[in-house]
Every structure is written in C-alpha cells, then in structure tokens.
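Before I ask anything, let me first share the structure, which is written out below as structure tokens.
The first chain written gets the first letter, and so on, giving A, B, C and D; residue counts start at 1 in each chain.
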Amino acid sequence: MLGEGILKGLAETAKNFAGSFVSADRLTTVEYPEQRIAPIEATRDFPFLVYDGGDWEAGMRCVACQICEKECPPKCIYIEKSKDKKPDALGKPQFYPAKFDIDISVCMSCQICVEVCPFEAIKMDTEFELSTTDRFGGLLLDRKRLAKSNEYYHKVHPTEAAEVDARLAEEKAKADAKAKAAAAPKPATAAKPAPAAAKTPGGETHA
Amino acid sequence: MIENADQIFVLLQAWLLSFLPAAWRPAAGVVLDVVAIICVFPALFALTTVLERKGLGRIQNRIGPNRVGPLGILQPVADGIKSLTKEDIVPLRADAVLHFLAPLVLVVAVFMSFAVLPMGRNMVLVDMDAGLLFFFAMGASTELSVFMAGWSSRNKYSLLGAMRAVAQMISYEVVLLMSSVSVVMISGSLRLTRIVEEQNQYSGIFPHWYIFTPWGLAGFLMYVVAATAETNRSPFDLPEGESELVAGYFTEYSGFKFALFFLGEYLGMFAISGLGTTLFLGGWSAPFSFLGWVPSWIWFFGKLMLSMCVFIWMRGTLPRLRQDQLMNFAWKFVLPMTLVNLMVTALWRFLGEGWEQWVFCTAILVAVYVLMGRAEMRSEHFGPRRYRYAE
Amino acid sequence: MRDLGHPPVWTGKDGKPMSIAFYLVAALTVGGGLAAVMLKNTVHCALALTVAFAGLALLFLQLDAQFAGFAQILIYIGAVAILVVFAILLTRSQEAPRGGVFSKSWLTGLAIAAAVFAVLGWAVLQTANLLPRVSEAPVVTVQQIGTALMGRYVLPLEIVALLLTAALIGAVIVAMHEKEGAQ
Amino acid sequence: MTPLAGYLLVAALLFAIGLAGALTRRNAILVLIGIELMLNAANLNLIAFWRYGPHPEALTGMMFAIFSIAVAAAEAAVGLGLVIQIHRHAHTTDLDQINRMKG
C-alpha cells in the first residue's frame, strides 16, 4: 500500500536513534583528538623516504634516479641529483638526492611514485595530522622531513615492510654471491671492477 | 496558584503595563507582545538547530555537535557569532536592492503570521476574525521573497532554485488551504481561538481534537505533507538540493543575510507547525481531561517542539523527491484526496452523532486512499520513471 | 483660532482628520502603481505591482474590509504576481528591448489616460459635498460573508466557480506545449 | 475632502495609471499589469462605496469586490497563458510587432 515504505523507513531510523543511546556498537564515532582508533594497516596517504640504519643521510635508499619525479601525475616531486657519490646499503657508490622535496598540498596520494621506484626507497605514510599555519613552506616537505627509518616503515606497514626487506635481502644475497663469484677467480683484480660496477648504474640513470 | 501559572504571561504583561499611564497601555501591550514573539521564537530556533543536528546525528549513528558548551548546547551561539562576523558578499551584477530586501521580506512575513496563533489561553496577539486567512495571506507573501532572492542574485542556480521553490510552494499551498478548510467546515469559524475552544472539550478523559476523527486524521496527514513541502523541508527540499543546485535560491547569500534566510525557514516551520497544532491537535488544550491543570502554553509549545521533532525525523529518513514526482504527487494524488476529504467532512457534518458517521467516513477515506494509491503507483507519471532512449 | 470656514486640507469636512496612515498608504499604492508601469526592467515592474497590491490591501483594511484585504493579499500577491513573474521569465522579456519600452503611440495613450483621470477627478471633486461623510465602521464577520455567499449571492458564486474552472482548463490548454509528433 | 472622496481620488489615479500603462507599454505582460491595476482601482471604489454607503450590512460592494478579485485572477491566468502562447508562436511579446491577425 502507498506509504508503507515510509513507515518502514521511519521505524528504521527510530531504531537507530533509540539504539544509539543504549548500544555502543551503534555509535562508531570516537572523540578524535582524545580517543583514537587503532590504525588500519592498509592506510596510506603521503609518500616518505626510507632509510636504513641510524643516520638518515647516510642510509637513504634513494639514488636520485628521478623516475618518481617523471611519473608523478601532479608533478609534486622535485629532485636535485648530487654531484658526488656515496656508498649505499649494498656498499656500491651511488648518487644521492641533494634535494628531494614533495609538495603535499599538490600530492594526490596516488602511490604511483611508490610503484615505479626500483629501489624501494619511497613508501606511503600513514601520518595525517599535517595541518600547519604556513600553507606554502609548511606543506613543502624537504628530504629531512621526508626521511623516515625502516623501523618506522615496519611499524606502520608491517606486512609490506617484511616483504620489502625479504626482497632486499634476496637482492643483497644475490649481489654478494655475484661479488664473491667475481672475487673468487681473479682475486688480484678485485679492486678493479668496483669502479666499473659503480659507473654502470650512474650511466643507466643518465640514459 | 495553578490558574496563575496558566496565565503567568498575561499577568506579567498586565503587571508591566500597570507602570505606564493608561493612555499608553494598548500600544505598549502590543509592543510587549511583539517583543515576546521576537524573543521566544528565535530562541526556539536556536534550540531546534541543536536538536536537529544532534537528532540527525543519532539517526545516522553519529554523536552530533558536542564541543561548544556542555553537550554542545551552545553550538547555536557559536554559529550565530560565526554568521554575524562573516563577510556579507553581494555579487557584482546582482540587483543590490532586491538582494537586500529578500531576506527581510521573508522574515517579516513569517513573523507576522505568528500574530494570529493562540499560544495559550488568552495568549494571542491579534484575535482576528479572519485569522486563518491572514495566516495564509502572510504565507503567500513568503513566496515572493524567495523569488526576489533567486532572481536578484543573477545566478542560474539561484534562479532555478527559486523557480522550483515557487512552483512547489504554490502547488502545495492549494493542498494546505484545502486540508485546513475541512476544519473550518466543522468548527464554523476562521477565528483560531474559536477553533481551539471547539476542540477543548472532553468526552470521558479524551479530548475532541480533530485529529481523532477520520476526516481530521486524513486532513492532518495531508496537512503534514503540504507543510513539509511548503517549508522546503526534506524530502521536499529540491529548491535547495545541494547535489544539484548548490544551495538553491540562497546560494549567493552569506553572513547575516544567510542567517536571516535560515531563521526565516525555521520560523516558517514553527508557524506552520503552530497552525497545524491549532487546527488538528487542539492547540493549547491538554491531551487528557485530568491534565488540565498543566499551563496551557506548555501544551502549545510542547506540541510545537514535538512537531519539529517529527520534521527532523522525516528529514533523517526520507530521500529527496524528483521534481516531476513532486508535482505529480501534489496535483494528482494529494489534491484529489483533499477534495474527497472535503466531501467526507460534509458527510460527517450531515450524518450527525452516531456510529454511522464513523463507519461511512472511515470506509470512504480508506477505500479512496487504497484505490487511488494503487492506481497512481502503477501509472507512468507516478511510479519509477521510464526512459525513452536509455533502455 | 478663527473659524476659516474651511478646514485644513488634511482634515475631512466633518472635522475628522484623514489620517496620516491613509496618506502614507495611498502614496505607497500610487507609487507602486507608477513604478509598475514606468520601470524599464519587467521583473521590477512585477515587483512594484505587488507593492501596489499590498497598498491596496492596506487600504481595504483601513476601510474595515478585513476579508477582502486578506483575500487581496492571498490572491494577488500570492498568485497573480507570481504568475506574472513566471510569465516574464518564460517569455524572456526581462530586459528592455532596443526600441524602448513604450510603444509608438505612447503620447496618445498618455493623453487618453490623463483625460480619463481629469474626468474622474473632476467628477469626484464636484460631487465631494454630496458624498456621505460619516459612517460608523460596519461590523462584518466572516460568518456573515459566508452566509451571504451561500444565500443571496449563491448564483454569482456558482457562476464564478464555473468561470474559474473554465479559466483553469482554458489556461492549461492555451499554455500547454503541444508535442511535435505526439501520437 | 471627505474620506470617501480621498479613496475615490486614489482609485481614479490608480485607474489612470493602469490605463496609461496598458496603452503605452509595448510588452504584452506589462499591458496585463496595467489592466490588473485598473481592475484593482475598481475594487477600491467598490469597497469604499460599500464602507461609506447607506447599507454596509447588505455587503453588496464587498461581494462585488470579492467576485471581481476572483474574476481578475482567472483573467490573469488566461491572459498570461495567451501571452506565453504568443511568445511561443511569434518569439516576441512586443505588441508593436504582433500587429497582424495572420500568424
């Protein structure tokens, strides 16, 4: 009959209204700054740079290959490559970003930078309390503010970080084996291929 | 003591007036009444906004505002301060005079309609002989302010919203009038105090409210539908449908003028709920004869707030209608129903006391409702829309 | 003060002053009417028309015709003015046309209107002394009006009802958009 | 000036204004507005004569005015319907251009 649906709907909302006073699971809202719900693992909002070890500048995984800068749809990443090289986690000398800025007021959280990064250097953060009184400088994050330790990454995305670590360890093992294999037959020339090997990734980046 | 509580405001006014020379008293009395109305209803408006936001929150499993003051009851104060301190923006090509006048006309017209509502025993500003007509005349004037707002803004959303609002208000005003006429037919007066007096009688403990008769119940339901549409409340809030028209006719309003529109809208709801209370729910009379000792104004304002709660409840429940559904509903279902209801009311009057009037009137109304509802729901204009090319 | 033989302009001859309220409302009405026919923007004209209607309603109230006054507001401001506004927007005639808002023969029209006013005003002023001066305010309840409508004036009422129905149907048919290619 | 004469003068003035509007404006809707003003001036006359006439209790003038209001409303509806139809047909509401019987 006409009007039946309206009555049903009214009953449903009345149930909601009354129920919100008696049962807690009908009120899913929490009082945000005082109470917080446990973070969900899949949460992700803005990118950050991962570093290994204790020193953020030394342990930075990023090699300033600038792939993310080129892929970023809103062009919010700005990278300046260093002139010199430093040894990375594998011991290979690599370029490092002299400047790495992300304008998170432009960033659209698409995660494309994370997907294209070949070095597992950029990952998504869960930090969302980014409000600031300085709307230009405060939202343009430099590499110091972007750099976060691998432990932090493990804390916010444990599963994903474990996978990444496993993959990196595998690569490192492969690289070690290769180095060992290279070192074993001609121990005399062990010092020679190192600069050549170091030159190759740099050349690739330029290409 | 109890009589004093009932008449406390009347006595208070008389006491205040006793300080003035006799020649000034009539004018001063009117001024006092007006000031009282201008103070009480905006206060109720503030209360209602809190109720609405918290109630809607609960309906949607949220808590609602709870930061300003204990339990958030000072929220309207914060809102008021915010809207007062906001910049008043007038679009460059807007018609500045009309843009300024529109909210004023709305609020003034709505305030005027409170003049004839009996808010308690002996508590009515002007006991007009044609009170009901006056109320509807003032209600009709608000349409013009809506049009002025929409047209003067020079914004297509405003204009579209205003046209929708005016078309909707005109259509449902017919229904509103027609459903009220049945009350006038039985009570034999357009004087609202007289209509309340007619209902302030009891058989046993039950009152003679018009809602407790078949035609009264039908009339009340249609009155509620028309009142919701007339005040542009959900589910009839197409004129300000946010998803389509930004904010309808007050898109280009900000600051205090926007607050005035907001106030006018809620005052309109109060006025129309007050009239519905007066016409169908016995005005200030008590729901049971043994509760007659409670002051009459408590009953009136209690019923008023109760009907506001129903408005909020409906807003939290029903989705917005489409424009063609709205118009078809008004002209093809509700208006014929009100006409049938008028016939039934006449029948009720002429059948006289007895069980026949109850049986016949109920039977006719239920039969017409069911049959017409079935037929309309099946018809192409009323049910789900069929697209000519999309399917 | 010496009796001048004629009272000041603002009092009636019975000594009862024509109240200030009357002059105000009359000015409002005439001003609204003038604006309604003289303004350039058509929507402004329609809104000025509502001012004139409101002024007339107030004049009715001054004349103790409560029912007619409220009916005037309800019907003219609530319905006719809105109808006019709708028509203006539907015909897109809110902006002034290039050739001016007045027709080619405006001078003739103005002359005719002035002549009509001159004749009417002359007639009123000539017979002003014959017109009844005082009369106590009649007490007319809505009930009396209803009884009169259903008694003495029942035939006109029915005819008006028929006329309104015919006008309603006629207006709908006239303004209805005939669909091209409708079967 | 008696009160009645005052009301009659206002009515006459309003009637003349309405007439001038109806005769001089080019827009068909404005002509209708002029006609409405004339009808209202007549209503004012009716009410004024009823109020100051010898038998106000007979309600004659008042009834005339009420019927005239109803008829004027019908007139406005039909008139505006016609204007809209003309606009649809001729794409103008300028009366100086709509001067032929043949569309």
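What we mean here is this: a residue touches a chain if its C-beta (ideal position, glycine included) is under 8 Å from a C-beta of that chain, and two chains touch if they have at least 3 such contacts.
Here the structure is a predicted model, which means the values were calculated and not measured.
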Problem set entry | Geometric centre: closest chain by C-alpha means | B
For this session: Would you mind checking which pair of chains has the most C-beta pairs in contact?
Result: C-D
For this session: Express in whole angstrom the distance between the two chain centres, defined as the mean CA positions of chain A and chain B.
Result: 56
Exercise. Hey, how far is the Cα centre of chain C from the one of chain D, in Å?
Worked result: 7
Exercise. Which whole number of Å gives the spacing of the CA centres of chain A and chain C?
Worked result: 76
Seminar exercise, completed: Distance in whole angstrom between the CA centres of chain B and chain C is 30
Seminar exercise, completed: Contacting chain pairs, sorted by label, are A-B, B-C, C-D
Problem set entry | In the complex with chain D, residue positions of chain C that touch it | 9, 12-14, 16, 18, 22, 26, 29-30, 33-34, 36-38, 42, 45-46, 49, 52-53, 56, 59-60, 63-65, 67-68, 71-72, 75-76, 79-80, 83-84, 86-88, 90-93, 97, 99-106, 108-110, 112-114, 116-117, 120-121, 124-125, 128, 131-133, 135, 137-138, 140, 144-145, 148-149, 153, 156-157, 160, 163-164, 166-168, 170-172, 174-175, 177
Exercise. Inside the complex, what are the residues of chain D that reach chain C?
Worked result: 1-10, 12-27, 29-30, 32-34, 36-37, 40, 43-44, 47-48, 50-54, 56-57, 59, 62-63, 65-67, 69-78, 80-85, 87-88, 93-96
For this session: Name, in rising order, each residue of chain C that touches chain B in their complex.
Result: 43, 47, 50, 57, 66-67, 70-71, 73-74, 77-79, 81-82, 85-86, 89, 141-143
Problem set entry | In the complex with chain A, residue positions of chain B that touch it | 55, 58-63, 313-314, 316-318, 369-370, 373-374, 376-377
Exercise. Touching chain C in the complex: which residues of chain B?
Worked result: 98, 128-130, 133-134, 136-141, 143-144, 147-148, 151, 159, 163, 166, 170, 173, 188-191
